[in-house]
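Two complexes follow with subunit A in common, the first pairing it with subunit B and the second with subunit C.
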Partner chain A sequence: MLIASTLDDALAAVAAGARPIAGGSDLVVGARHGKAPLPASLVAIDRIAELQTVTETADGGLVLGAGVSHHVIETHPVITGHFSGLADASALVGSPSTRHVGTIGGNVMNGSPAMDTGAPLVVLGATVELRSTTGTRTVSIGDLWTGPGRTAAAPDELCVAVHLPAPPPRSGSAYVRLEYRRAMEIAVVGAAAAVTLDADGDVASISVALSAVAPTILAVSGLTGLAGRSVADVAAAAAEAAAEQARPISDLRASDRYRRHTVGVMARRAVEAAARRAAGETIAVPVNRALGIGAVAATPGAPS
Partner chain B sequence: MSQSLDRDLVLTVNGIAYPVSVDHGRNLLSVLRTEVGLTGTKEGCDDCECGACMVLLDGQPVNSCSYLAAQAVGREITTVEGMVRDGELHPIQRNLLEEGGVQCGFCTPGMIMSATALLARTPDPTDEDIRIGLSGNLCRCTGYAKIIAAVRRTAADLRGE
Partner chain C sequence: MTVTEPRPTNDAPRPRFVRADGPDKVTGTGRYTADLTLTGVLAAKFRYADHTHARITRLDVSAARSMPGVLAVLTADDVPDVRYGPFVQDRTLFARDVVRFEGEIVAAVAATTAEIAQRAVDAIVVEYEPLPVVTDLEAALAADSPLVHEGWESYGSADPIVRDRNDASFSSITKGDPDAAMAAADLVVTSRYVADASHAAPIEPRAVLAQWEGDKVTIWTSTQVPYDARAGVCETLELPANRVRIIVPHLGGGFGGKCGFHYEAHVAALARAARRPVRLVFSRREEFLAPDRRREGMVIDITTGLRRDGTIVARTGWIAIDNGAYTADSGFFPQLAAMHVAGPYRIPNVRVEAHLVYTNHQPSGSVRAPTAPQACWALESHTDELARAVGMDPVAIRKLNAVDTGAEGPSGQTYDEIGLQQCIDAATAAAGYGGELPDDEAIGVAIGWWPSFSAPSGAYVRIDGDGSGQIITGAQECGTGAVMTLRQLAADELGMQPEDFQLIYQDTSVAPYDMGATGSQTLFNNGRAVVAAAGQVAEQLKQLAAEQLEASPADIVLADGQAHVAGTPSRSVPITELAGIAAGGELLIGHGSGQPPGAPPLVGSSCVGDVGMAAFIAPQFSCHAVRVKLDRDTGVARVLEVSTAHDSGTILNPVGAHGQVEGGVLMGIGQALTEGTRYDDDGRQRNAAMLEYKLQTCADAPTIRTTFIEIPTPDAGPRGAKGLAEAPNVATAAAISNAIAAIVGRPVRQLPMTAERVWETIADAAEAAAQDGVAS
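After this line comes the complex of A and B, so read on.
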């Protein structure tokens, strides 16, 4: 194993066939369960300083180094304040230990259709920066995932950053997840929304994306015609469109019918929460806990 | 400087450097238990679900079952054996015993490490903070209430109250 201290060393190793590893929370767990053997050649990228930074751009956008952890995302004041939907998602990942070792780059490149950060990244208009020894390109997040666990990245390309454009004035975002327990959970279904309000408090623009209801994160289409309508109308229409466009499977966590129904409910709640944030209300991260969505806490002191 | 590692690694555990010789795919848990010889850290699910294998890596909680030993080179590993100072139990250990937060004891080392990381960053936690801090640790005996009470009491002890 190479423990890389510079990006150039890491890119050279990836070009030579090494698989990048940060916290290993997908790669090592997968290998120990026989999903795929641990690659013979690994390059550790968790000590490269430039991959760990969160940078605000002059125009109010954000650049997240690929090695930024879920823990940093869920606690960073700029992210919780202005890119709240992403913070909602990172705050729901695994447990405190998962959130310390798990990174945004790893989550994006692992390409699970049930990933939590994917739907908020889609509604926030993220692009992913892929770099190799021969150059750099950016890919819109929606074009990155080509199937479950598959991406458009070439074998020699390393995800080095996720770029988020500045959110418009009077906008807000939120991610909500259906879950059966409060920790160490994978989304049964999830939905993210980004809402911009006009001066009358009606919806000026709306974007919704869904987790765990298709082979990749699914952007809900056909919502542009909703501009100018009330939040309640838009939330109802987005819920209907989400349920209609979902292509869920049945597995041990839920049936396809249950997923289709509940993803509409999650979409409605995501739109409502995003609109409240757009109107200036502070809803603590994650929305799931603040609004009692998903698994509820046991009564303190009661047997669990 | 980037480092290319072969089988020979040095792991720093509880402030002591341990040279070990292992395959690069070995997880930290198995190296701690069978090479370093510290068996306080437990293997439960081997799937990042139960938290029995929790250790601290530079002060942050990590499931050692699913973390490669080679990636811990150059970092400070803390296990439950590192909690005792001068023969005295750490307040979290003493309080777990006094509050009845230990029954079979298998989850206890992991609970101690998660609680230690929590209290380092949140010295005055709410019960919700404690629940979130311990949310990667399963206990099948106590029902958690007494573990939460022990963490609450330890927070007060460490604040000098």
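After this line comes the complex of A and C, so read on.
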């Protein structure tokens, strides 16, 4: 295994056929569970400084280096403040130790349909920067995933950054998931929403995406016509659309029928929470704990 | 009676108690079995069955044996032809002709590395003729069911065991005339409940390391029952007990899952064949699939006849318990399950029948309070159905019918001083039962019971010349702190401090017999042995002090490290000085065992398949009151607070006792909501991994309040103590069920009550309500 200290070294290794590894929380754990043996050739990218940075752009957007950890995302004031849905998601990943080793780039490129950060990245309009020794290109996050565990990246391309555009004024986002326990959990279903409110407090724009109900993260379509309606109406319509468009499977975690129902519930709650944030309310990250959504709220006032 | 102050889990201070093994475990210097190594050690791997029920038509290990680095490959042909089992001798070390579950061992390999051992395991050729797979409990009891053991009639079994075909052990408890009483009852309520199997899931997957020196073998193993493990090795490898030494390093939890004899003989046989030390370390997946110690699935039918005022007049029950493919220590489960379905109630007319049913699942065995959480869940959910049927408060119907001091229970036992009624009062008061709650919250209440287990046990106590002490005990510490508390008992007997003693334990060649960390019996029985052994040393010290102080030995008091004359503390001599004197003469050595308490009489009942579980020695009682919040849209239930009250007699170690209750409650929450084994149609486990078998985490833990109702119990353990470690695991799932039912309007009839099952129950209730609306 090569330990790369510069991006160029890493790109050269990837071009030569090495698999990049940062936290290893998918690759190593998967190998231990017999999913796939560890690749013969690995390049460690966790020590490359330029992949670790969170940079605010002049217009209020954000560039997350691919090696930025879930722990950084869940605690970074700009992310928790303006890209809250993403922070909600990172805060729910695994355990504190998983969140310290797991990275946004790894999460995105692993391409699991049950990933937590995927749905918020979709509703926040993220793009992914892919680089190889021959050049750089940018892909919209929705176009990145081509199937479970599959991406549009070429074998010699490394994800180096995730770009988030500036959120519009009076907007907010949230990610909510259904979980059976409050740590070491994977989404049964999840939903993210980004909401922009108009001057009357009604919905000016709405975007919803779903986890664990399709082969890839699913962007809910047909919501544009909801502009101008009340938050309650939009939340109900989004829930209905989410349940309708979901293509869930039955597995050990849930039946397709239960997933279809609960993804609607999660979508409604995500829209409601995003709208409250858009209206200026501070809801602590993650929404699942602050509002007890998904797992039910603890006693009011109790630490959650 | 004294009631200790409630001590909420997270805040209230507790008395200082430093566990002797605490610093090792906390700092990481403690060594567990998998940490150990020996020069030349080999790695062991097992070849497991490829089918859940099949006849082996060809087994060829020649390719594996010839692989470089492979030093031993064993099958049934390489070990004595011995069938073993504590109740039914239906098992062999390696499959002989037929495999009966997916974790059955067909062959074992020892090689220089784990990778080579695995390649050798894969190179073993096994061909099979599949046999019909038995998984359904009721179908397995039918006369035309395929048999899991064609040769069942030829097996030996313990005397009281009643067997028939796939029914490996049948028990019934009958009292009065339940049919007549049922016919005369004002109201009859019938319920069916189904519990899925679950797992002990200790944090340490098991490991075994064996080394021969001449004709003697030393085995380091992660077992809860070292003497049982030794007996298993001796029986299956045909060795006398004095040639087998079992040593248990620190044990990484057990919860019953490491009771019984497991792989010590396999590894010892490999080490003998390879002429090298051999170590086996299980993966988490193996820990799920192979041991004969999962918590048994059950089907439970209960019918109760009542008078309009809520008085229970009759109860009948039918229980099918999933034994799995072999009978581990599960032979006593039917009678114990029958006791828990009858329940701690004053019922004059009872008939409960219970079957232990062979299937092609992993074998069942003692996991913390075997049969009780499931049976209590069914019975106590049923009890709330009774309350709804007669329009009574669930707590009131329990107070009316529950046993009390001097009352007769369902098996004809009349109880000495017991504190069940006080437990109900204390737990419900601590929970604020009856107060206003939001409409998505409710408090569910359940009561439970559990016997103390009386068994022989031994210990030595000695004081060396410098005045320091050693307790050499057969007792096994599985994390509960029970062994740690022995220092306190010895210190109290000798007027010394717990820190003055070292514990020498978990070595069968050094200490006398003990049953092990099973049946909550450690302090109950080994405490008696240590007190007796320390008492002998105390007598020696008093004799020496009497000579020094020119007083009668009967007047000597041992306290604060001194021996002094009663009433005259200034006439004293330090114990260290007496120890120095003794070192030059008769050494200070005590040994103890004591007479285990006997079983109480049963009057008016009759038991078929009586394995001694219908008479509860020093019975423990509990009440759990659990506040649950339910997300109606998803069926996700969250436990907010658990208020418990326990009568486990005198509490000797409050810190350890609270820890046991809190752990038992959290385990109970897991059983209630998230922990359940899922099987495919062939009886293979589908969720044999920590991601899909969902234990509760610290983040899920609710506030837990505990009150101990301390009633010194006659015929109990030291100072009136009863057992404790299993009792807190009994009633939690039942109380959660009753809280959910109170919110939803009906119980969830399958355990675990997963979010999806709760959601389906909500939907069923809504549908029924809609149909009622149409009908009216």
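Here is the rule we use: the second predicted complex is superposed on the first by the 295 of 304 C-alpha atoms of A that agree within 3 Å, B and C clash if a C-alpha of one lies under 4 Å from a C-alpha of the other, contacts with A are read in each partner's own complex, and residues count from 1 in each chain.
The rule we apply is simple: a residue touches a chain if its C-beta (ideal position, glycine included) is under 8 Å from a C-beta of that chain, and two chains touch if they have at least 3 such contacts.
On a predicted model such as this, the values are computed, not experimentally measured, just so you know.
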Quiz item: In the superposed model, does subunit B or subunit C contact more residues of subunit A?
Solution: B
Practice problem: Could you look at A:Ala254 and tell me whether it touches subunit B, subunit C, both or neither (first, second, both, neither)? | Solution: second
Exercise. Scan A:His100 for contacts with subunit B and subunit C and give back first, second, both or neither.
Key: first
Quiz item: What is the contact status of A:Ala49 with respect to subunit B (first) and subunit C (second): first, second, both, or neither?
Solution: neither
Quiz prompt | First (subunit B), second (subunit C), both or neither touched by A:Met184 | solution = both
Quiz item: Now for A:Ala31: first (subunit B), second (subunit C), both, or neither, which partner does it touch?
Solution: first
Quiz item: Who does A:Ala284 touch here: subunit B (first), subunit C (second), both, or neither?
Solution: neither
Self-check item: Touching partner for A:Val78 - first (subunit B), second (subunit C), both, neither
Solution: neither
Self-check item: Residues of subunit A at both interfaces, subunit B in one complex, subunit C in the other
Solution: 33, 182-184, 297
Quiz item: What residues on subunit B touch subunit A, complex-wise?
Solution: 1-5, 24-25, 27, 46-49, 51, 54, 60-63, 65-68, 70-71, 73-74, 114, 117-118, 127-128, 131-133, 135-137, 143-145
Self-check item: Touch list for subunit A against partner subunit C, complex
Solution: 33, 178-186, 252-255, 258, 261-262, 265, 292, 294-299
Exercise. Under the touch definition given earlier, write down the residues of subunit C that touch subunit A in their complex.
Key: 440, 629-631, 633-634, 636-638, 640-641, 673-674, 678, 686-687, 689-692, 694-700, 754-756, 759
Exercise. Sort out for me which residues of subunit A touch subunit B in the complex.
Key: 1-6, 9, 21, 23-25, 28-29, 31-33, 38, 42, 44, 46, 71, 94-98, 100-101, 182-184, 297, 300-301, 303-304
